[in-house]
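In what comes next, chain A is part of two complexes: it sits with chain B in the first one and with chain C in the second one.
Up next, the complex of A and B:
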């Protein structure tokens, strides 16, 4: 048997090329975000720079209307998460606790909708939102993100709900509590962690979405962060890369930290849930 | 009466979500099918039934076939590359070693970041004049001239495939880890007693037992990758000269740049049918695994 230390060294050596490639874009992001503008295009290209120019962030905030896009992203992601959860919690509870006619068909329907991607439907969705008068309205994104995330939230919640023992609710029924009372008083408090974790992942999905936001939001004051940052790059003769990178740092790092912290719950949910 | 109410309770619970899904996901499919058989003006007005004319136009369009061909290459290369890298990574992460927690966090990191942001950062990192990839390679003495990575379609497409692989690794590794963590340890112990080498163990125990997880990883990745717009859209917008267009980027241009809505609807429907086929394959795989779970003892001794 090889010792744990030797094994660790071998494993890290094998993983190192991948680790370097994964961390490379983060390095690029930080190094560009803090370097002075006049050092963006030097020849030969180099990682080094002369000073940390933290003002890049405050300049970027004003010039790219980062604050406005941030508020749009927050509104859409929070509202979509709320709608998705409000509709998913009862559905997941029904899937976890009841037998009913059509349950198998409903499960298949969920798997199918989970696989449907917005891009294939984007033209139809755009026409639908036109008909509803919701183009250029952030609520169009709230509805579509909620709908496209619901399959994920339902099976994620269901897999956690299954692990909450039924005995407590059944004891409450014995004591004469109605199903609704036992649901609100006994079940939901136990389900809070599952709901929070699911909510955060739905939030991150909505926060990161690009195609629908690019399509439905036609004027720049309605852009969400990914579209706003993309608009700083696409079709421009001169791209202010230090601002773009500063914006990506602010838009991604908080989300990446939360995600890294919670990823084991996602892995657990997936192991328990539909992927298994 | 009370019984009937009891029966209606779960249906009432799933109904609101079901209605939203049918409106947002179901209705557009029907609308696309309808639109794809109509003449459509630039402004989205349907001006009359034209039978299969939109489809005939799509199938006579060399750009469609080019995009379809590249979609095939893109999907096979990204899914294949991802699997080949993710399998050893998952096996390492499943084993116990110093710094495993940190390694897991790093490997999962690309998942946390939106594809759009990843693609924006890579577009800058690959910049021909000042990109830091060129800086790194020149410092290491691997190249002595900066390379314009995104200026020619061939190199751009290869680079996009590599970025596609990078962002698909976390999800794939997660699925494979789920499979590895449920592996029966006694099979390996028996194999060691019988004098099997590491490679023998991998081929005769790990691979067969992992097959259901590998299948699901392949099908899910095919679905996600086949549909993925942001990487190619942000890095090259399908250019130069349509050289990196895949079906989704071509579809998006037709619909929202060139106003060829009938043709775009026809391509959408073709893609929807392909997607449907893969989704049904996925559903079949998942339900087969569920059945296998019901009798878990059988495979262990095999």
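Up next, the complex of A and C:
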């Protein structure tokens, strides 16, 4: 019993630097967000505050047009996730079930796209969106986010699909199901964990993306959350740090909620994908 | 119910041939077992009947209909898979009714058929369970139930018992046979286990390296194997093979021992032959005239004893139903009825 306790203590001691590094920015963010404006720049800095000001959030909401940016972010993230899944599921299914020329090359190609930073492509993408007439249109972000995430989603889905026994589909065919019926009624229900995992990743990546959103979106009413928060800091004479931090808290909360709610799928999906 | 005809069917994967021209006529209501070592092509042949593998050349007919290009779903065949392939996200009831629901059968008809099948298979108590809550034997039964509700033309079984433990395998073997006697549906059953083949089949098809070695009833294969492969494959423990030279009415071994055979075939004396005798057909000789064999290992099974011995440097196994107290190194004298001896040509491996 004691040995278990000591062991736990040792493990936590080893883990603690990591925990501190992760939690420190959140601590600063939260404390700053609920402080009165006058206490922002006290020296030396303290963790305390004289007053817990919820009003910071409501003031910020109005002043920074937070609601509009939130809706933009939700639209872009959800649509990008939907598009990515809609295209990745058939692609992953084909890669998992069919033999075709160039399959290995295609997999390698997908992997290589992951080695390039989006920022290298930003200029080309901007010109592409110009040509398509999509600059300053949220749909340009939907398309690019979906495209950037698809390499990962296809890889992830394919490795999971490989673990679903072929026999199940064959049994469905023998039972009189068409390919489409067996896909919809047998295959996809079994692939739900993998689909959820990839959806989470795509959603979070889209939610947090900054460089492309900054490049493509010109007018402030189309800004997504990261750009909108950045706009409160960059090029201002006076930065309202408590509002910036309140906005940051609100921007990270939805992701945290989605993530913690779906993490059981994440763990199950990853485990199932790895081991049959 | 329907017959299945296979005419000159071949299968190649790229340049690699796996089936070299299979001809087989499976009669209506018959229970045919395809048996052979792994890699012999028996599962591929079954999957071609099912429509899960394409046919490289030849024809497969179900009844009078050529089904070469008919997709699996339209062949009206039910199949039991080796790993059962139960739909994990459906209950037993949903698993069994899936095919009927696809055909938009009336709800009350589905319900009646599923309950009938569940009754036959002793699954009535488990209809609401999910497959993962069932034991191996129960899952096996659900897989059969899924085939049963269909009233399909043909049942296909792909090594359905190989994932069960030895005891359950024997029970399920009997159940499948009883089921076939009751339903009389044409069945094709694939296994690598010759005992399953012997006990269940109306006719056995022995396959090896993409070819059919012999087709016949279990006793035909046991009594008159067409070649060394079948002789070796059917029967447990396997038939003993002794290399020798054919002379007048007997085979002479290297050490000079003479093994009597029934009717000496009309071939030139001095020909190299393989003399075959099943372990259970050997008996202890009353006098000193029998074939001398030096005992190496004795394995009692309770019902009988299996004696492994050496004859003229070649291994030999004998099974006795009486209890004997043999010691390793002891020399025993063996005899047999010449009618039960088999002769094979050494060069071709064919029965003489």
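We take it that the second predicted complex is superposed on the first by the 254 of 276 C-alpha atoms of A that agree within 3 Å, B and C clash if a C-alpha of one lies under 4 Å from a C-alpha of the other, contacts with A are read in each partner's own complex, and residues count from 1 in each chain.
The working rule: a residue touches a chain if its C-beta (ideal position, glycine included) is under 8 Å from a C-beta of that chain, and two chains touch if they have at least 3 such contacts.
These figures come from a predicted structure and were not determined experimentally.
Engineer: Since both structures carry chain A, what do chain B and chain C do when superposed there: clash or fit?
Structural biologist: Here the two partners, once superposed via chain A, fit next to each other without clashing.
Engineer: Contact-wise, after the overlay, does A:208 reach chain B, chain C, both or neither (first, second, both, neither)?
Structural biologist: Only chain B; A:208 stays clear of chain C.
Engineer: Have a look at where A:174 lands relative to chain B and chain C in the superposition and call it first, second, both or neither.
Structural biologist: Second partner only, chain C.
Engineer: Which holds for A:65: it touches chain B only (first), chain C only (second), both, or neither?
Structural biologist: In the superposed model, A:65 contacts neither chain B nor chain C.
Engineer: Using the superposed model, give me the angle at chain A's CA centre between the CA centres of chain B and chain C, as a multiple of 10 °.
Structural biologist: With chain A as the vertex, the angle is 90 degrees.
Engineer: Using the superposition on chain A described above, determine whether A:190 touches chain B (first), chain C (second), both, or neither.
Structural biologist: In the superposition, A:190 contacts chain C only.
Engineer: For chain A, which side has the bigger count of touched residues, chain B or chain C?
Structural biologist: Higher number of touched chain A residues: B.
Engineer: Between chain B (first) and chain C (second), which does A:139 come into contact with in this model arrangement: first, second, both, or neither?
Structural biologist: A:139 sits against neither chain B nor chain C.
Engineer: So after superposition, what is the minimum Cα distance from chain B to chain C, given in Å?
Structural biologist: 8
Engineer: Quick one: which bits of chain A touch chain C in the complex? Just the residue numbers, please.
Structural biologist: 165, 167-168, 170-178, 181, 186, 189-190
Engineer: Please output the residues of chain A touching chain B within their complex, sorted ascending.
Structural biologist: Contact set of chain A toward chain B: 4-5, 7-8, 11-12, 14-15, 18-19, 21-29, 31-32, 40-47, 83, 87-88, 90-91, 93-95, 98, 100-103, 106, 108-109, 111-113, 115-117, 119-128, 130, 143-144, 146-148, 150-151, 154, 179, 204, 207-211, 215, 226-227, 229-230, 233-234, 241, 244-245, 248, 251-252, 255-256, 258-260, 263, 266-267, 270-271, 274-276.
Engineer: Using the touch definition from the top, list the residues of chain C that touch chain A in their complex.
Structural biologist: Residues 50-52, 71-74, 77-79, 81-83, 85-89, 98-99, 102-103, 146, 150 of chain C touch chain A in their complex.
Engineer: Note which residues of chain B are touching chain A in the complex, please.
Structural biologist: 7, 9-14, 16-18, 20-21, 23-25, 27-29, 31-32, 35, 44, 85, 88-89, 92, 95-99, 103-118, 120-125, 127, 129-136, 138-139, 146, 166, 169, 174-175, 177-178, 181-182, 216, 220, 223-224, 227, 229-230, 234, 237, 248, 251-252, 255-256, 261, 264-265, 268, 271-272, 275-276, 278-279, 282-283, 286, 289, 293
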